[in-house]
Structures are given as C-alpha cells and as structure tokens.
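Heads up, there are several structures right after this.
Each of the next two complexes has chain A plus one more chain, namely chain B in the first and chain C in the second.
Here is the complex of A and B:
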C-alpha cells in the first residue's frame, strides 16, 4: 500500500476553501472514511464539509498528519507517546474557550475520536477544581438561579467546596 | 493554568459558549471526565448544567471509580434505593467533614440498624490496592457485646500482593512514607435507613510499629457528633 503513489482527496469547507490531503490523512476523518466506504467509486469531486470552517480544518489536518506520523514510527517508541502528549497540550493551550468549542463541534462532526477525547479533556481540565463563580465567568454562563435556589443547591453540595483553587482572574 | 477569557465571550449572550455544544457532548464527553466535587460544583453553575450533571450514571461511574468495593451486587441494590441513588451515596460518603450532621431519614425512629454493610477500600499513591465488602447483622447478642471490628483478612482471604515495598525496621522515613501515601475509606451503609457514612479519615492519623510484633499499625479516625 505504501509503495503506491499516495492518492489525494480534496475537502471543501463551509467557507469554500479547498484542502488537498493525502488519502491516509483524509481517512483519519471518520465521516470522510464512511463516505468512501459507502461510495467506493466516488469521483474526484471535492468532499463538502458544510459544518467545518477552514480555520478548524487546517488545525484538524495538522493534528491528523502529526499523529499519523507518530503512529508510523511504531508503538515501541516511547518518545512518540510523549511527543503526542506535548502536541495535544499545546493544541489546548493555543485555543481559547470559544475556539476550543468551535473545534469540538467540527471534530465531533468529522468523527475523529482521539482528537475529540483530547479536546474534551481540555475543557474538563478548565473546569476542574474551580469555584462556581470561576466556571461561570470562564464559560460566560449566566446564573439563572434565584439567590434562594442557589443557597439551597450549595448547601446540598457543601462537601464539594473544600479546597478549590483560588480564583486567579 | 489557562488564562481567563476575554469579556467578549460573556457578552455573546446569556447562554454562554459552552452551551453551544450539544448536550450529549457535554454529558457524555466532558462531564464524565470530572470527579465528584467538580460535578457537584458544575451543578451549582446554572440550572442547565445542573440538569446535565445530576444523571445517575455519571455519579455511578464516579462512585465506582472512587470506591472499587462498590462493585458488589448487594451494595448496588442498596444504593439504588437511596433518595438520589449514587449522588446521595457520594455526598454522604465523601471523606470530608460535613458541617451539617445528616438528618435521619426516619423521623423519631431511633431503633438500631439490624444490619450494616461495610465497604472498605485501601489506596496507595491514590490507587486502590485492596477492596472488600462485609455484610454484618447487628442485632444478635454476640454483636452487641463485642467491639465493632472487621477482620478483612483470614485463611479464606489472604492479603493481596501489595505494591508497597517493605521498609527496613525502625526506618522513620518509611513510616512517614506510608503516612503520606497510604489512604483508606471505610464506608458503613445502613440499608434500612438508606444512609451511608465514611468512618475513615482520608489520611492516616498515626503510623507506628508495634513494639512487640514489629507489625506496622496505620490508624485512621473520624470524630463524630453524637446525639444526647
């Protein structure tokens, strides 16, 4: 398989940008793979991805290329695993909440399990061990409880508020 | 540490950006990565997140990963009768002092429980190394006239292989190491009144070598408020 000239596949984003990628990279996108599995004799027409922006797709393609190359080095390389982790951490760090959420939506649509796991872990890490107020501010969530309701719910969960990180914003 | 978002994300609208995600994603892929206290605090954020974070299966998974001993048919059945299932169980068994003493479920009934179930978990470096459930009747005269104790190990239940390396005798740094890394949980469940309580301090209260046998004793404790 690897000896043949890599086939190229063209993907078209919601904002009408076309990305030409190696077949192996395109097959990392579960949704694209399913399309080719179901339509084995599909033509070379660009594949429309109406739910994905070009900004997200370029991040996603980079991610898939990088992790493909890591996998190609084999599992015996423990440094590959470490590099993958560093890459994933960097990916989370360079995205603010809004773009992280946008990316999750795109990755969920494209059905890339590993990447979705990484991104969701990133969101969870941003909530972990934080005060309620911090989480509200962080994600821009409006408090829709009345003061009485909130007091009642907090009393119910009083045990949870030991030792949360001090708000750093 | 992530930096706080620019205020523009708040100005976007009351729903906030996280709620643009499909509830299934939040529930199945984000909330499942939180622990009990985080999930509880998420429930306090807004009614929408509360509706997503009170699901029984989230709390069941958290309970079972916190206390592997709960993977026991009788306990599963008992916990399912708690008012909010595993969520109630978690908040009653979470090993931090609860400033408000739990109110008895059955008003006026001070009858002793006729049965207690103990769920014991021991951790080293935070990883569970031993779990055991013991069911015990509590009304016979034998029970009532003996100290309340559990013998977890016996001929039929030999100690599991433990990852702890035995330190040299009289080695204080090794005892200190145990004190810092060995933790325990002893949850006592009253199946009749659907209540649970964790009797163990998370960390050891003292670690000592027995003067005669040389065995190491690790003590955990909990101070309880009693009724008149």
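Here is the complex of A and C:
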C-alpha cells in the first residue's frame, strides 16, 4: 500500500536503462503489479524487464501517466474521454509499423490491457481496406501459399478484393 | 518527478544501436547479443531466430494478431487478411462470430457486403478429393461468414498429404454458425474433436451425413445430440466405431428427427434401432437400414412404434427371419407406410409379406429384390 510519500519503483529495460516511476504508474503495468502481488515484500531493487526497450518503456510510461491523470479527474468524463481518444490517435500516428509492432510486444508482455486494445485497433485500422499484396509488403510478411492454393482462396474471396484502397507505396 | 536515468547502457542511444543492428546483420559473428532481446520476446537472448528481418508484424504472438484481426470492421477485411498467409488465415478463421469487435460501426468504410443479413446460410460448398484441405475449409469459413453464411458443406474424400482434420472443422464451426447440412465422406482424419466443434458452433444443423469416417465414434453423436436439436436427417454409412449409444442419444435429444439411414455399421444392433424408434415414434418418417446385424426384434419395434413411417427400406439384413416380418405386419403401427422396399433379406416369405400387407393399409409401393424364398402367393 502506498504511504504518504509516493513510493517509487525502478524498472530496468532490456538495454539497461533504468526508469524510476511512481508506484501508481508502475501498477498500471499488469506484469509489474502481479510481481508485487506475489512478492509483497520485494526489495527496492530495479525490476528487470528483459523484453522491453527503453524507447518503448518511455512511451508506455507516458501513456500510463496520461491516462492515470485522466482517470484522476474523474467525473467530467466526456471531455476526459475525448482527450484520451486524441492522445491514443496521436500515439498511433507517431509510430510507424515497426515501432508499433515493437510497442505491442512490450505492452503485451507488460500486460496493459487498455493500451494493448488501442494499439491493436491501430494496426487493424492500418490493415483495413488494403490489398493483400500491400499488407504483405507493408508488414513484411512472407506469402506461404502455393500459387494454386492462393488462386483457390482468392476465388473464394473474390468479393473481398473489390474496392480496396489503391496501394500507395 | 519520474526521472529518466540513462544508467549503464552499452548503447548510449537506441537509434545508434539499431543502425548497428542493420550492419551487424551481414556479419554474423559480430552480432551483438543484447540487441536481440528487443525484437524476440519469447526467447530472450537466444539469438538465431531473429536474424533475417526487421521487426515485422510477424513476430507478434498469435494472441496479439488475433486481437488485431478481431478489430477489423468487416468480413471483407478479414477475408483479405486471410489471403495474406496461412498463419493469418488460421488465426482469422479461429475468430468466433461473437468475438468480432463491432465498435467500428459507422467507420470510414461501409460496404454493401457488410450490410448483408448474416446467418442466412444460403451458400453451399463442396470440397472433393485433393481439394479437401484444412486451408480451404478455413478459407470457406472466413469467406462465407459475412456473405450470407454457409448453409451446406460437403467434404468428399481428403487430400492425401494435408487432408481435412479437426482443425478445419473448427474453422467451420467458428465461422459458419448457420450451417445446416454437413456431409463428410471418406474423411479418415476427422475425429470426434472435429464433430465436437461442429456441435459446439453449428446449432442449426439439420442434416448430418457421415460416410466412411472410421475415427468418429459415439462421442460425436452424443455431442451432436446435445448441440444440434434441430437435426432432422441422419445418414451413417460404414462408420465402424459408431454404436447404439450414439443413436440413443440422438433419438432422445433431437425431437425433429425425421429420417435415418444406417448402413454397414457393425456395432449398431437392435438396441440402437429400438431406442431410436421408441423415442422418435411420432416423427420418424423415413427409415433405411442396410447391412446391419439387427434381428427380428428391430422389425418388431418398427412394426409397433413406426407410427409416422411412410418410407421403409430394408436391405441385406441377414439376421432377420420370417418371424420378424410377420411381427412387423401384426404390430399395427405402420398405418402410414406408403413405400416399402426389401432387398436381399432371406426372411421375406409369403407369410411375412401377407402380414405386412394386412398391417399397412396405405401401402402403395412395394419393391422386392433378390428375395429367394418368395412365391407368387405372397
């Protein structure tokens, strides 16, 4: 339980950066919270997060802080919600595919549900209404269908290829 | 308040290290280990796997991709994702209809396809021989889900190398809740698990046709009985592991069962037929029994309980005797019987036939084939 002086928790990333954050922020990270739930008398040593880079972690901490403060404001929910949305959109916009993927991995590992939802939605929005080739190129995916299989599947889905956005790369 | 401590990092600047990464890529020996943790979460510091490409969406674990696909607004998007790679197809096909996130209503795209009333199930698909693979099943599941839904699915045989298995049926179960007719022929690699999935996801099933599926047992029928109360029509042929208990369960749980056809199932005997007839006495209209070990007892029960039966066909029943036919005719249950066909049954004699004739006032059509002991008198 937090005392009068907010407790600080130190997190260490894969590339050996250390981040000191308020306990409340750290508790937003599901994985960290579970750790403390299971080890209530854990020492003040930095918690290693071997799957998270410092770049990701700083983004994640920003996110958690922002949403914590929104929630702290409580009742004027509509404007808070609106701000949250704007923030989330901005978050998606400022990340390219690679860093978005990286961020999802980190957030998935840290188990932050809301943020993961936001990010996943962001990727879904990038996929939607794009051609298959575009998606493959865009995300660097290998096509493992045989030509025959692909033809068959495409025939099955013919309708799905009407009206996709023109590839813009 | 929350300070950023550069700490004792080997790489003072993450940007630089990623540059390093792309160079080190070609010089395997020189590959710095720590860097890899950045992109291969499940196997920290293990190396090997990551060498070939930059972090792509492919390194996301299945559950993440699943979450992403779940958020796609329409069937169209999901279908085209399914075309991207097999892994995507598998994932997309595993999305249950209920799990699709509909928060996107009123989004940028609103295609005509999305407005189709889902669940009509007017589409039908047939997979034959070489084409019967899980990939195609999954493709069908995803492709038909938002275009009216799959109503009929027939699988004939199975690809020898990568045939239809339970996985394929799972995709169907998830994507095609409107399925009404399922027909599985010569699918040796489909087992109970597959039918469990169907029973779990396709509650509208009305017709089930299993032919030469040796891995399917009573457990499947029990599951279908529980999951598909609308079942009307059941055909089982050459399924060596289906026993009486399965039939009993179906008869008990499926009040709409109208037609059964059972052929060449060595483990099905009188007990199964008896319980079927006695439970579904008022609904069963068509019965076809062929190459079974049933005896006079079954015929007696049909004669007594077959009150709604209009069509009865008995073929190659070596253990049925004259007495069976006689009792059937005298059971006075077959009041509605219109069409009666008997082929290769030693038990049909003049006496038996006479009894049937008397017991079935509405009989209009009678076909007799290969009945050696019958004279003109009958």
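We take it that the second predicted complex is superposed on the first by the 164 of 169 C-alpha atoms of A that agree within 3 Å, B and C clash if a C-alpha of one lies under 4 Å from a C-alpha of the other, contacts with A are read in each partner's own complex, and residues count from 1 in each chain.
Just so it is clear, a residue touches a chain if its C-beta (ideal position, glycine included) is under 8 Å from a C-beta of that chain, and two chains touch if they have at least 3 such contacts.
Note that the structure is a prediction, hence the values are computed from the model and not measured.
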| item | value |
| --- | --- |
| Overlay on chain A: chain C relative to chain B, clash or fit | clash |
| First (chain B), second (chain C), both or neither touched by A:137 | first |
| Contacts of A:53 with chain B and chain C, given as first, second, both or neither | second |
| Which of chain B and chain C A:31 touches, first, second, both or neither | neither |
| Which of chain B and chain C A:96 touches, first, second, both or neither | first |
| Per-residue contact with chain A, leading partner among chain C and chain B | C |
| Chain B versus chain C as contact partner of A:17, first or second or both or neither | second |
| Partner chain(s) touched by A:153 [first = chain B, second = chain C, both, neither] | both |
| First (chain B), second (chain C), both or neither touched by A:109 | second |
| Partner chain(s) touched by A:127 [first = chain B, second = chain C, both, neither] | both |
| From 19-27, 37-45 or 91-99, the chain C stretch with C-alpha clashes against chain B | 91-99 |
| Shared chain A surface residues [contacts with chain B and with chain C] | 97-98, 101, 104-105, 108, 116-117, 120-121, 123-124, 127-132, 135-136, 139-145, 150, 153-154, 156-157, 159-161, 164 |
| Residues on chain C engaged by chain A in the complex (per definition of touch) | 1-11, 14, 17, 34-35, 37-39, 41, 44-45, 53-61, 63-64, 67-77, 79-89, 108-109, 111, 113, 131, 135-136, 139-140, 142-143, 147 |
| Interfacial residue positions of chain A with respect to chain B in the complex | 93, 96-98, 101, 104-105, 108, 116-117, 120-121, 123-132, 135-145, 150, 153-162, 164, 168-169 |
| Interfacial residue positions of chain B with respect to chain A in the complex | 1-6, 9-12, 14-22, 25, 29-31, 33-38, 40-50, 91, 94, 96, 98-100 |
| Interfacial residue positions of chain A with respect to chain C in the complex | 8, 12, 14-22, 25, 50-51, 53-55, 58, 61, 65, 97-98, 101-102, 104-106, 108-109, 116-117, 120-121, 123-124, 127-132, 135-136, 139-145, 149-150, 152-154, 156-157, 159-161, 163-164 |
